[in-house]
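Residue numbering begins at 1 within each chain, and the chains themselves are lettered A, B, C and D in the order written.
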Amino acid sequence: MTKQRIGIWIIGAWGGVSTTAAIGLLSLQKGLTGTSGLVSEHPYFEKLDLVGWDQVVIGGHEIRETSFVEAARHFSETSGVFHPALLQAVEPELNEFDNNVKPGTLIHVGDTIRSLAGDSVKQYDQESLQDTLARLSADMTEFQKQHDLAHVVVVNLASTEPPVEESAKALTLAELKEKLASAETSPVPASALYAIAAMNAGCSHLNFTPSAGTDLPALIELAEEKQILHGGRDGKTGETLMKSVLAPMFAHRNLNVMSWVGHNIFGNLDGKVLDDPVNKSNKVHSKDHLLTEILGYKPQTLVSIEYIESMGDWKTAWDHIHFKGFLDTKMSLQFTWQGTDSVLAAPLVLDMVRFTEREWRRGNRSGVMTHLSSFFKSPMQATTPEFERQYQQLEEWANTVSEE
Amino acid sequence: MTKQRIGIWIIGAWGGVSTTAAIGLLSLQKGLTGTSGLVSEHPYFEKLDLVGWDQVVIGGHEIRETSFVEAARHFSETSGVFHPALLQAVEPELNEFDNNVKPGTLIHVGDTIRSLAGDSVKQYDQESLQDTLARLSADMTEFQKQHDLAHVVVVNLASTEPPVEESAKALTLAELKEKLASAETSPVPASALYAIAAMNAGCSHLNFTPSAGTDLPALIELAEEKQILHGGRDGKTGETLMKSVLAPMFAHRNLNVMSWVGHNIFGNLDGKVLDDPVNKSNKVHSKDHLLTEILGYKPQTLVSIEYIESMGDWKTAWDHIHFKGFLDTKMSLQFTWQGTDSVLAAPLVLDMVRFTEREWRRGNRSGVMTHLSSFFKSPMQATTPEFERQYQQLEEWANTVSEE
Amino acid sequence: MTKQRIGIWIIGAWGGVSTTAAIGLLSLQKGLTGTSGLVSEHPYFEKLDLVGWDQVVIGGHEIRETSFVEAARHFSETSGVFHPALLQAVEPELNEFDNNVKPGTLIHVGDTIRSLAGDSVKQYDQESLQDTLARLSADMTEFQKQHDLAHVVVVNLASTEPPVEESAKALTLAELKEKLASAETSPVPASALYAIAAMNAGCSHLNFTPSAGTDLPALIELAEEKQILHGGRDGKTGETLMKSVLAPMFAHRNLNVMSWVGHNIFGNLDGKVLDDPVNKSNKVHSKDHLLTEILGYKPQTLVSIEYIESMGDWKTAWDHIHFKGFLDTKMSLQFTWQGTDSVLAAPLVLDMVRFTEREWRRGNRSGVMTHLSSFFKSPMQATTPEFERQYQQLEEWANTVSEE
Amino acid sequence: MTKQRIGIWIIGAWGGVSTTAAIGLLSLQKGLTGTSGLVSEHPYFEKLDLVGWDQVVIGGHEIRETSFVEAARHFSETSGVFHPALLQAVEPELNEFDNNVKPGTLIHVGDTIRSLAGDSVKQYDQESLQDTLARLSADMTEFQKQHDLAHVVVVNLASTEPPVEESAKALTLAELKEKLASAETSPVPASALYAIAAMNAGCSHLNFTPSAGTDLPALIELAEEKQILHGGRDGKTGETLMKSVLAPMFAHRNLNVMSWVGHNIFGNLDGKVLDDPVNKSNKVHSKDHLLTEILGYKPQTLVSIEYIESMGDWKTAWDHIHFKGFLDTKMSLQFTWQGTDSVLAAPLVLDMVRFTEREWRRGNRSGVMTHLSSFFKSPMQATTPEFERQYQQLEEWANTVSEE
């Protein structure tokens, strides 16, 4: 099967991660940057014959009024990333990408996210649920047609929603369909609506956020029915990546972790949204559960995420791990991680889109892509919580695919 | 095959790691401590039916004049480990272990180690090489007989020797045998002499130090000839363990490590010996090579090990890892590891002895035990430098063994 | 004037700081420990002719049922301080100190502290406010008589109370007296009642806690009327000491502090009490205000104090200071402080008692001792928030006193 | 006395600190940056009526072939400081400053520095010592005349020389003069030659480096004879600043510092020069002595400075301070300082020039300016090693001057 042009449709298109992904993609197309941080560029995956960077177009949904260039400039000023010369070099193409950005939806996003919304999206406040779903889906289909794309991968990069309600988790596919067809208020959060719209449009779906997305029983069923590839949740970029790498060490040396304290500070838009306790609870849960899974017991844990404006996109995490060694001797490990959140996340989005397109090209069109587990904090249907074993699954998948 | 009593014969018997192993072993026998830090006590290895703690006796070679209790008291005072009550509870048995300690040899140990030697070992200064080898071997055999032991595992825990000379690496087994039979000066360092003595006595051999031990072509051949199980080199306890865990994360996220700086400070006897640049060079090399192996390229590296008296046995390592992410953005990770060196090392010694005995009981009597790679900084014949993959090899071995 | 025996009457007598002070005092009396951590033992203060350690007796009020030895053992086990041999050597004298400990009062201490109370203090639940005050005062007077003490210094080391009510701050001395004479419920919190009892008994008063103590207008007036020396609030031992030392550096280099984040974790009884948000708010305020005072503007600040059981008395603070240098360049300083809270605080209690006795012996019997500002987080009537300038005030006082 | 235009003549004019000072000065002149990091802009010093930024011109000596703009670009690329827009805005004036830069001298600078030299300076390789001195002096005088400057302050910012020889320290002024008049090889290092040239030209002199400069008995005498204001040595910008701030805290809490380990990594030109052990020894000494001065005893210390290329101008220092508190309890403080070396140093240069001009304008024309002690690691004739007390001396000087 020949490789053809593909599209990335991003929910939260003018956000930090998306903007970085767009700038990065264009820089790669123009040969202006190296391939650091791109997993799919690791020599191991050369054999996969992945889609080339020049075959990729970006579009998406957004609720704020801004543009790629404006977002990039703000980001560059507050966080000191993106050299102005680089930004200038890709400005024309960024402006073109802006044409691919359409208003999303504000259904069930919570007050904090709503407060960021612009008029373009608010004009749909009175729209019926059925019309919203149809509109979102049509935007994706239109994007695919207009750019003559073989396939579109929808990626959710929007700010974290409040936790999903139990009623949404309890829905069967039949119940979901019924409610979607007739109900006045949505039975599921915005992230799931975007996912349903993606499935209706025949797009693959990746959920890089802690929001529900496709991680609801009814949506998993729907993906099978519609023959959709999907994966999620919550990109694993910094402190949690470290946890999934370090916790196995303690487990496999039988060092008893008594407490694991993690404090995260950062100052980007994501941080502002997480300053709302409702949105934060969703995030903290996603960062906390894997220690118990890896260690086999629950140490005392503490995870804080605090908005410190001066940090901009630089997320600094300090972790203090207190553990008991032989003869019950108490010892400790501390680490400080200083990384740009969006710059860590953006390449993983591009990587996953390439791996997803490869799986789709392979002919597999349905189900959770568990070989992408290493990219997520809470990977759906994962068989192991340990980073290295998850990464080995990606290698094994690559071996299988390349031998076909 | 029934489990029977086994012996651990330690080179450097009254050193910090050995003393901690002895106290730990006795505490386990008396139920006075938990199993934290013991890999072999991980639930995964229950199926292996390992030898019980009450079946193990300790003896060994030593060049200083002291005793287990004296060493333990000094250690307790300078480093605040071993609760005095615990020490008191195992004192009688420690005194008995003292009877199993015999003078070692000072051949090729370097000036710094020699300066620590007592009269008991100096009386052998004029002994011929052939007599030394015979004496060391006889000590081990005598230990086995006296305590009615099914098997003895010799473990080298002595202070780091100066680097081995190229001539020793070039020796064939035939040349080695010839020189050992007739030469006046030893063609190999002390660590290799102890290993040869162990092989002659039919003991398994583990080299927990950066010294050469069995990691010379001629000795690897000899082990095959004599049907001896062996493994080494250099126990992986702190900073290097962290490196073998963290470097794969950078590799598998394709994050370009530009520089990795590691500073280690500690104040125990080992540190004093390493303050001699000749001995230190051996150690630093052992800590440095694996980054290149894991990453596939050589970042700028710096490893320092400094003797700071006030630290006692508490080894504190500060590492600064400077890496390049997407769009060539520079980020960093720092960690501070605060662990008691001997307390981290001692349980691994006990673990490896148990795993070795299990392999020996299984009937395998020859060759490098590569399934023990995860325990070593520079594992002989290792197929991967990554900790997690090495640990998986231990799991796989356990699966094979338990299914027999 | 001749030096004579003096007494320290501690509110919270069997707490961690008090127990450490008692063990330390006895160890000093017996020559079993050095003088590290004792400011009053700095060579600079030799000229002051301070009271000798063998002239000091300890007693106090307490609400829990325990003893010095029991508290010390618990502390030694959870935090690894106090060598068992040291504890054993001072046990008989600690037991004698127990005889000097009397039940305190539970008035206005909040639910968390109340939940720790024993029967001895609960028997006074129905006691009238007037009887309570008389009883507390009588305990102090009785202590002084029984041990033939020239002077008694009352030191509040009890757990942090909930913040004081505005009504208490608004009281005049006349109003306070009227209410104390007739009211059914106390117009002031427990810490102030202890202070009033101390004044009635002619004792000096030091408030080492964030609780109100003598830091209320009516009590400051009362101290003048009764001719009482006093000082407070909140001993400056760890993270805040660091702030009062580092913030002047940023101020005097005109480096603009954008944010200062401080996370504290520890696991002693104090930490448990502070886990109650009501009690914590009092503490956090005390740690936060001084940055603005020193810098002259308010950076974004964050202070967290979290109870992590495994830490025991070891308080670990991680601070991240983000500042702007020349050309608006963002830079950072991080520090990790690892100290035993009680071991840091206890010597300061002994120091301040000695300095207070010296001031009292000098003939000054009234007012806030501002030369003790360097010991407190929120020093009453302080003329500068900077540690070094506060310390210079202590030196200047010492110069004046020694020249008299 | 009216304020008039002044000049800064920098030894090492195209180095990192000088370039940053030049860009900063021009940015201040154009109102393009704030005043963070400038001590002289602290509100406390408003009363001093310091010279305005628009009254200052920069020139100097240099041994390499480059330019301000080229140096700035390199710096901007390797270290991510100086926003390109800022650089562009001041480019014309930077180019003008280039005209004020003249070739220096290579006498006694050591092999590493010599290897950086360009042809412009090498043309003077055969010049006699007497001609060199006359030439350097004439450059300064010419600069003053050409720009119509009331006064010129010479500031040494050149890379660290090898340590000064004992013979240079032993010289009397008479001996020095004699040798300068007739000798073939210089009796003093390059830094002293520049200082002598400055004095001959009637310029004030500041030595921001660890090199000898005016800190030789004969030069101190010469400054008095020539009526020259001077100060030095070695700007206190990062780790040592921290030491001079933190060590007093330990001293004044009587906490016994057992060991103080400091590791510095950075990757600028200065770092490359310090990679030469000869040059480094000079630097390390300058960083190490003040602990003993402040504490009153010598703890075990370790200072390393290592060239890590990826760090660029970002100097990261990790310090581990191990101290003994009450009851001989061991505790620790660690800090990590992450600052741009040149950006920290440059404003201090501008500050000191302003303070020096103010002292000169006041009519004082002779001697070491001890009120500038807080700016130096090894301040000449300082009366206290503590930062805060040194800073108080600056405040006191400002009070005196402003009251005149």
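Everything that follows uses one rule, which is that contacts are C-beta pairs under 8 Å (C-beta built on N, C-alpha and C of every residue); 3 or more make two chains touch, one makes a residue touch a chain.
Everything numeric here is computed off the predicted structure, so don't read it as measured data.
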item	value
Joint neighbours of chain B and chain A, given as chain labels	C, D
Winner on C-beta contact pairs when A-C is weighed against A-D	A-C
CA centroid of chain A to CA centroid of chain D, Å	49
Chain A and chain C, separation of their C-alpha mean positions in angstrom	50
For chain B, residues contacting two or more additional chains	80, 334, 336
Chain B-touching residues of chain C, taken from the complex the two chains share	80, 83-85, 336
Residue ranges of chain A touching chain C (in the complex, touch as defined)	80, 258-259, 261, 263, 265, 300, 302, 304, 306, 308-311, 316, 318, 320, 322, 330, 334, 336
Complex contacts: residues of chain C adjacent to chain D	20, 23-24, 27, 33-39, 41-43, 81-82, 86, 241-242, 245-246, 248-249, 251-256, 296, 324-329, 331-340, 343-344, 346-347, 374, 386-389, 391-392
